[in-house]
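Chain nomenclature is as follows: A, B and C, assigned in order of appearance, with residue numbering initiated at 1 for each chain independently.
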Amino acid sequence: MEMDSNTDCSMPISNFGNLTRPDGSTIYSQGKSTVIAGVYGPIDVKPQKMLIDRGSVETFFRPKSGLPGVGDRLYETIIRNICETALVSTLYPRSGIQVVIQEMQSGGELISCSVNAACLALLDSGIDMKFLIAAATCCLDQEGYLIVDPTELQQEKAKATFVFVFESSEGRIVASHTTGTFKLEQYEQALDLCKKGSAKIFEYYRKVINGKYNKK
Amino acid sequence: MVVNVGDVVLPGECLPEPRSNKGVVILGPGLRRSEDDSKGLTVSRAGVLCHKAPNMYWVEGHAKRYVPCKGDLVVGVVAKKSGDQFKIDIGSAEHASLSAFSFEGATKKQKPDLQVGDVVYAKLVTAHREMEPELVCVNKYFKAANLGPLSNQGFLLNLDSRLIVRLLDVQHPLLAVLAKTCAYEIAIGMNGKVFVMGRTSKDTMHVAEALLAAQHHDNVTT
Amino acid sequence: MAKQYKSLHPIKYFRDYLAHDIRPDGRELTKYRPVIINANSVSTAEGSAIAKVGKTTVICGIKAELCQPKTETPTQGFLIPNLELPPLCSSKFKPGPPSDQAQVATKVIADIIENSGCINLQDLCISTEKLAWCLYADLVCLDHDGSIIDACLLALFTALKTVSLPKVEYNAELDSKNLQMDERTPFKLYNVPVSTTFAILDETVLMIDPTAEEENLCTGVVTIVIKDDELCSVLKPGGSPITEEKLVDCIKQSMERAKLLGKLIDTATQETNDEIDK
């Protein structure tokens, strides 16, 4: 029960170094969502946040308009944990790494978009990472079909949505976030589909990094 | 994913059998030993994998943020002054400390007169990630050897680390070509900060403009 | 000796236990802590409960207020959960505005309520656009010893099961309300979601129902919420990566536990309801 819709429009687009102040930055667009991500690090941290054995990772998620709310806090925490897992934070003791994500346009799968943007910005900054991370979204519509890379409308109408984050070295699950109700089989199917989706993102990372280093 | 020397590599990829010299492999930035030994080395930064015979490996990427390294010559700005200690901003995570006594001929009575905002050219003597970096403005014979406070007349600019490395190459023509048109002094710090002072302010701006332009054309020269 | 060893090498101490497939508190990896639920603990609230998962204690009180529905959703009332993690419950929390952890947990709980469809907000509406019930579910953690979401959900849903709302006679023309305190209708819950938390260590070891100490030493947590025979949330907010098989294994374990917890909530509320009937 798979349905592959709108795969073409969801091929991501990104650009490095649009911002001059951060150590790594990217503007990343996937489907109809666009975010801009900046990474500062390693930088000085406040004494109360300093960790003596590893770097402390902070994430800020800024919505399109207004101040970040309780919902954004959850995203921030998820993205922070994901980044912390992906980074080799033990190489940066007593310092901090800041990941700032600014939502530019939201059209479904915003979490995936933010996670992927954060990963690209981290790659750009040259901070040591254990592996790459890629997020993929998929949703279950009322008839029980799974839709990969849903649009905002499809997400709103969906019975359930799934966001998975995978790592690049062995393809294990780093994060999972779901809404709505679903059966175990549906979860496993969604996991499978998203894994395929994340493989495409990893390919895309390779493409952009190749492009970046072969330019010279 | 298994990679080879010369490839563009991404974090998480492995180099299974690095060439070693009597079992020793020297790792540069961007490489780590894998947790499980059978996989050899793991890449931790994006860039081009480089190898120097017999056993040295590193990843050439570009990081904007300077990570202090022992022995580097850097240009820094005095950020704070407390007693006999200066805190110098060298663009790293933490300010580096510079003692007022580590200048040529400095004594308890005769200390260098540095103010916040002044620029110094110094050498890193300790750079460890667990500790604050430490600078000195003397060589091992306690002579200044070009290190020390820099003039207030010059201009400080931030350049890309890749351009810095190339400027420090004796064979790179840019500085020599510039010297033909105007007279200038330059202090190039490994941290990306470059101090320029020409005979006139026009000369200074001239050199600064040329260096900034070189940064944007960095793909032509290599 | 063991005490010194523990404080000097907490992780190594912990791993020595795990090497023998047992945890410092004497449980096996797949054993959960005893759960105690008490319903109707606070007499001044419309509904209340205390849940204890091991040492973790959460008290939930539900207060009902009359209010006007939002214009976007004129036929719906409100259920607003709020988790408080006071300095009393753990040294990790400082007095002042809600910590990030409390905000995140509150959001997770609100999401679970919405996802599971356990309540129908339209049941809370008395008159379209004019009057509705607003239920404030205040959760206070008294002792934080891991698996906080599990304890919160148990307390919250037990409390919701004990809620009964007085009948309201509302006259739209005159805008007059008349509350009949004696005629109470029980609040309807369509299903009861229950969650199970797992801690991950070294990307391979999975521990069900971790204590605070275990959560600190571990490198990731997974929270799985089950309602009836469906899943309503699989939340793994980052942390150590795990394989698909491990994750599915977690889901199966939590399904087993969900059945027991569901029964426990039923029994707890049944007893109190019986007492009230007497």
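We adopt the following convention: contacts are C-beta pairs under 8 Å (C-beta built on N, C-alpha and C of every residue); 3 or more make two chains touch, one makes a residue touch a chain.
Keep in mind it's a predicted model, so treat the numbers as computed, not measured.
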Overall pattern in which the protein chains touch one another (line/ring/star/complete/other): line
Remotest chain, subunit B as reference, centres from CA atoms: C
Chain centre separation (subunit A, subunit B; CA means) in Å: 32
Intercentroid distance (Cα basis), subunit C paired with subunit B, Å: 53
Subunit A-subunit C separation of Cα centroids, rounded to whole Å: 28
Residue list for subunit C, restricted to those that touch at least two other chains: none
Junction residues of subunit A, two or more chains touched: 167
Sites on subunit A touched by subunit B in the complex: 23-24, 40-44, 86, 88, 91-96, 123-132, 167-169, 205-206, 209-210, 212-216
Subunit A-facing residues of subunit C, complex: 100, 103-104, 106-108, 111, 114-117, 203, 219-220, 222, 227, 229-244, 247-248, 251-252, 255
Subunit A residues touching subunit C - in the complex, by the definition given at the top: 70-71, 73-74, 76-85, 160, 165-167, 170, 172-184, 187-188, 191
In the complex with subunit A, residue positions of subunit B that touch it: 1, 8, 10-13, 30, 32, 42, 44-48, 61-65, 67, 92-95, 129-130, 218-219, 222
